[in-house]
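The data blocks that follow each hold one structure.
Note that chain A is present in both complexes that follow, paired respectively with chain B and with chain C.
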Partner chain A sequence: MIPELGHFALILALLLAVVQAIFPLAGSLARSGAAGGSGNRPWMAMARPLAYGQLTMLIVAFAALTQAFMTSDFSVLYVANHSNSLLPDIYKVSAVWGGHEGSLLLWVLMMAAWGAAVAAFSKNLPLPVVARVIAVQGMIAVGFLLFMLLTSNPFERIFPVPQEGRDLNPLLQDPGLAIHPPMLYMGYVGFSVAFSFAVAALLGGRLDAAWARWSRPWTTVAWVFLTIGIMLGSWWAYYELGWGGWWFWDPVENASLMPWLIGTALIHSLAVTEKRAAFKSWTVLLAICAFSLSLLGTFLVRSGVLTSVHAFATDPERGLFILLFLCIVVGGSLALYAWRAPEVSDGGRFSLLSRESALLGNNLLFVAFTVLVLFGTLAPLIYEAFNWGKISVGFPWFNKMFLALAPFLAILLGLGPATRWKRDEPARLIRSLWWALALSVAVLALSALPILGDGDLWVPVGLALAAWLLFSHAAIVRERVKNKGGLTHFGRAVLADLRGGGRSFYGMVTAHIGVAVFIVGVTMVSNYQLEEDVRMSPGDSHDIAAYRFEFLGAQQVPGPNYLAQRGEFKVYRGDREIARLFPEKRAYLGGGMPMTEAAIDPGLFRDIYVSLGEPVGNDGDWALRLYYKPFVRWIWLGAILMAIGGTLAVSDPRYRSARVRAGAKAGAGDKAPATA
Partner chain B sequence: MKARQKRMLFVGVAILGVGVAASLALSALQSNIAYFFSPSQVHAGEHPTDAVFRVGGLVVEDTLARQEDGLTVRFDVTDNAKTVPVSYTGILPDLFGEGQGVVAKGRIGTDGVFYADEVLAKHDESYMPPEVQDTLQTAHVEGVIDAAGEAGDTAARTLSQ
Partner chain C sequence: MPSPNPSRRYPWFTAPLAALIFTGLLFGATAASAFTLEEFQFDSPIQEAEFRELIGKLRCLVCQNESLAGSQAELAQDLRNEVYRMMREGQSQDEILTFLVDRYGDFVLYDPPLKPSTYVLWFGPFVIIAIAAFFMIRSILSRKPAVDEDISESERERLRALLESDADTTPEAPTKP
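Entry: the complex of A and B
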């Protein structure tokens, strides 16, 4: 009965979405002659309640599915395929989004949540803008709800009812992965808000600094979620897949990276649009691209057109539907863009040496990154389409492409925030940054000396770039504090600034320092990591770096819903025992599929990593993987700093008051043409 | 220089830059892609002998054997028409098993053994790499045609006798 209620709620949500897509938009475009305002007010006023109603219906549907999982109602096909009565409760909840249908439900739920959030936190926005944004959200929701109801209904029943469920894919039975998809989806879907703002602006023909100021915090929040989502995915792959890598350039990973890259370009170009009213149509194009790439990502993951370690068993019909939807969204929004964008004048001239130029460079580099990733990801499809054979693109190619562009980006990243808007003097720039440059050259020289002649200079280059980022941002902060007259009480001045209007500035600095930390992590782990596959008998020892691994043997240990072979290791540094590690090989009772659970001794400067391969021979020998990973945590630490930076920037009180001002101004501006 | 000329120059330089970058990226791509061949294609000699490529199909039952060192494994991969022996040193992915679909990446040795340095893992038990699926289907269709052809031949021969 409850699953039917959920199904019914989904259908109601679809109907609401249809209304939401039509009436507020029609109302905002209508020219009513009634007193004063433009548009049909009652129709526009429907937007907010509809957004809340949409969210309510989807919460009901989601709760119904969760209830089916908690009570192990195997008469629901989706539950029978993705759960098991032995599954621990926490994973019964995460199993709700452990498969295709449920993750789609989570996607639409989050989209409704973003829509409701726009409705709730947009009190300062003019009503026509709110109506249009929510209507565009409604259109996207119609697409996804139709997709769910037609091809992937999570509430479908199965008869006869199976005694037991097929169990959740063991790889997904992990706390990291329980929160990874929601975070990632929050990011993906969050870009739909940026997209809706952009399309709404195109529809209304009003693209200005106020528009940028409204959509900026939303975009940044979405970007923060996506950053955390990608970071969790990388971290999860690192410890759960047992391969010890943190990024594989797998199509599915690339699918999440592309919106992130464009999203990063977008939050920077929004800054220019807000501050200088320049790059307007470019910003809109980026907003359209960010969400289109999110949809493309969904298509790649769900259609199974690409070989991927992440691929789920798939269904061509679903792929076709998403492709069609993708074409409508991309085609429709680009057509609207082509129609409306030329009317937008690009104001704000700037000279070659200015922050606008630096941010333009940032945008071009990020777009180049995205094009490369997109090309590398789709190359197998292109080759197949032209009958050139079935290929896969090796990850060395992606690495090479990134290494070719990353240094430019890092240099620019240090320069950009130090430069002034509109025009700057080279002499002034050199005066404020010379010591940062000198220090990073010193780092380059110091780290290059010991390895001179060995050929590979990536380590000194990487460290010098990180140092450049750190010191140039120190110089930038110094400059700002100096201008505020607080250089003698540096700490106090910064704190006061943080309480005042400086949060978005320090958010930017934090995120950029995150990039430096990330660069250090990547540089160190890719050049100094050690990986060995070995065969060990109980009692054997093996040396890697300065560490000695002693294998004590493996035993069978029962878990809640699995049987594990658990190995025991002592790790020594010199004569001192520094860690005991217990890697496991699990066989889940629900399905026959084995699962490697790596054991890691984490540290800020190095991880020690052991994973069990398989038993060899009859004497308790095992094939094992032993890893030494220096600075690997810095990669995720860098991503966390970026996310903290983004959060700090959004919390800037300037936004709130600025929004009020902008709203008042825009409201006045909106009335003008109607009375005219 | 007039503003217009300046702009043309800028556009020219930009196009040149993008062109150079794209050709560099493409040439780098050429040395980093791995083509896919089915066991039948390998038997027909269509594969490269000096480059990395991929081979895929099903792991033949009862062919998985571990070598002395405990880390090297040998197994046969089939498309149900032909088989290719594969050797791999290292730890196999969790979902590897006899009768399962695999894609291996590596080079072929002069002894006809495919030395893989990567064996594709997957996340889902019921997932089949699209290449493998295609391979099996092609081999199946050709097998049916062959069988039909042979049957036809036999019938013809019987008639003529």
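Entry: the complex of A and C
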């Protein structure tokens, strides 16, 4: 009964989405429709309640599916395929999005949540804009809900009812992966808001700084979610797959990276549009691309056209539907763009040396990165389509290509924030950055000396670039604080600035320092990690990078829905025991491949990592893989700093000033001028 | 990692069943993989590093997307042994790669070599990037009647009006996204 209610709620959501896609938009275009106040107000006013209704229906559907999982209702096909009565409760919840149908339901639920959030937090937007944005959200929702109801209904029943469900893919029975998809989807779907704002602006024929101001916080929030989602995925792959890497350039990983890269370009180009009213039509194009790449990612993951180690649920027929949907969304929005964008005047001249030029360079590089990822991911398909033979494009290709461009990005990243809008003087720039440059050259020299003649210069280059980012941002912060008159009371001046309008500035600095931290992590772990495969008998010891691993043997340990072989290790540094590690090899009762659970002793400067391979012989010997990974945490730490920076930037009072002024709390937000 | 708790409401047959499955899996596993990487003895750490780098760059042909180094598939193990044997015989990396490419085609290489058939792969992206950059720069730099100020006066006016015109909405609790 409850699954049928869920199914019914989905159908109602579809009907609401259809209404949502038509009436608010029609209302906003009725008569002149251009300026606030005209148009058909009752129709436009439907937008907000419809967005809330949409969210309510999808919450009902999602709750119904969760209930079926919690009660192990195996008469629902999807539950029978992705759950098991032995599954721990927490994974019964995460199993809701453990397969194709459920992850789609999560996707539309989040999309409705974003729509409702736009409806709720857009009190300072003119009604026609809100109506158009929510209508575009409705159109996308129609596509996804149709897709679900026609090809992937999570509430489908099965008869006869199986006694027991198949298990959730053991790879997914992990806390990291339980929250990775929701975060990733929040990011993907969040770009739909940026997309809707862009399309709404094109429909209304009004692209201005106000538009950029409105869509900027939404885009940044989506970008923050995507950053965290990708970081979690990388971290999960690192400790769960047992191969010790953090990025493999797998098609599915690339699918999430492409929207992130374009999204990064977008949040920078939105800054130009908001502050200088330049780059307008280009920014709109980026917003369209960011969401289109999210859809493309979904298509690549769900259709199985690309072979990937992550392809959990694939089905070519569904792929066809998504492809069609993709064509409609991309084709439609690009056609609208081609029709409307030429009317947009791009204001704001700037000279060659200016913040605008630096951000132009940023956009150029991020678009280049995206082209690289897209091309590398699709190249095997292109080759097959043209009968040029079967090729593999893997990490060596991507690494070479990225390393060719990444240094330029890092250099530019130190320069850009130091330059002024509109035009800057080379002499001024040198005056404020010379010591940052000198210090990073010093780092380059110092780190190059010990390995001179070794040939591999990536370590000094990486460290010097990270130092350059750090010091140039220190210079930028120093300059800002000085201009605010507070170098003597540095800490207090920064705090005051943070309370005032400085948050987006410090958010930017934090995110950029995150890039420096990330570069250090990647450089160190790629060049200095140690990895050894050994066979050890109980009682054996093995040395790796100043650490001694003592293997105490493995024994069988039962888990809730699996049986584990659990090894025990003592790790010594010198004579001091610093960690005990318990790597596991699990056999899940639901069947499938045995899973490796690596044991990691994490540290800020190094991880020690052990994974169990296979038992060998009859004396309790095991084949083991031991790793020493210096600075690997810095990779994720960098991503976390980027996310914190984004969050800080969004909390800038200037995004709320108008509302605060109009609302009950007067006074607090007036510092930031409305037309910054 | 949740610590395993053995005494939680499972039917009596769970443990024996699991033990059976696990033994089966282990036997299957040991039978399939007499290999361990430790069996590969090397003369020097450099040779071992070379071997590891080599199998890292080769694709396991029957897997979804895994290198020979990462895969547990039987074919991957055979190929690992093959590569090891050839290395011990003193063949160079290039000779080993040529042999594998002759047998399996370019598909086996994660790092496709630069040759006429892969020109598209290696240079294609840069052509696309150049075209994209051209259109992008044109779209940004070519502007209509240039407005030589940050925001034109009319836009500034409208922005101010929009940000302040909350007339059509009743103010509610100030919240932020």
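We take it that the second predicted complex is superposed on the first by the 649 of 676 C-alpha atoms of A that agree within 3 Å, B and C clash if a C-alpha of one lies under 4 Å from a C-alpha of the other, contacts with A are read in each partner's own complex, and residues count from 1 in each chain.
The rule is short, and it goes like this: contacts are C-beta pairs under 8 Å (C-beta built on N, C-alpha and C of every residue); 3 or more make two chains touch, one makes a residue touch a chain.
Since we're looking at a predicted model, the values are computed, not measured.
Superposition note: with chain A as the common reference, chain B and chain C are in steric clash. When the shared chain is aligned, chain B comes close enough to touch A:N169, but chain C does not.
Judged by the touch definition given at the top, the superposed model places A:A210 against chain C, while chain B stays out of reach. Within the superposed three-chain model, A:G559 lies in touch with chain C and out of touch with chain B [touch as defined at top]. In the superposition on chain A, A:G394 makes contact with both chain B and chain C.
Between chain B and chain C, C contacts the larger number of chain A residues. Once the two complexes are laid over each other on the shared chain, residue contacts for A:L127 go to chain C alone; chain B is not touched.
When both complexes are overlaid on chain A, the residue A:V367 reaches chain C alone and has no touch with chain B.
In the superposed pair of complexes, A:I382 makes contact with chain C only, with no contact to chain B.
Contact with both chain B and chain C is seen for A:E614 once the two complexes are overlaid on the shared chain.
Once the two complexes are laid over each other on the shared chain, residue contacts for A:W218 go to chain C alone; chain B is not touched. For the contact definition in use here, the residues of chain A common to its chain B contact set and its chain C contact set are 307, 309, 311, 368, 372, 375-376, 379, 383, 389-394, 396-397, 401, 533-535, 591, 594, 613-614, 616, 623, 625. By the touch criterion stated above, chain C contacts chain A in their complex at residues 1-2, 4-6, 8, 10, 14-15, 17-19, 21-22, 25-26, 29-30, 33, 36-39, 52, 57, 59, 63-67, 69-70, 105-112, 117-118, 120-121, 124-125, 128-129, 132-133, 136-137, 139-140, 142-152, 155-156, 158-160, 162-166, 168-169, 171-177.
Interface residues of chain A, counted against chain C in their complex, comprise 36-37, 86, 88, 117, 120-121, 123-127, 208-210, 213, 217-218, 221, 243, 248, 250-251, 275-279, 281-282, 285, 307-309, 311, 345-349, 360, 363-364, 367-368, 371-372, 375-376, 379, 382-383, 388-397, 401, 421-422, 531, 533-535, 556-560, 562-565, 587, 589, 591, 594, 597, 613-616, 623, 625, 650-651, 655-665, 674-675. Those residues of chain B lying in contact with chain A across their complex are 21, 24-25, 28-29, 32-36, 52, 54, 66, 69-71, 89-92, 94-95, 103, 105, 120-127, 129-131, 134.
Listing the residues of chain A that touch chain B in their complex gives 169, 171, 241-242, 304-307, 309-314, 368, 372, 375-376, 379, 383, 389-394, 396-397, 400-401, 404, 533-535, 591, 593-596, 611, 613-614, 616-617, 621, 623-625.
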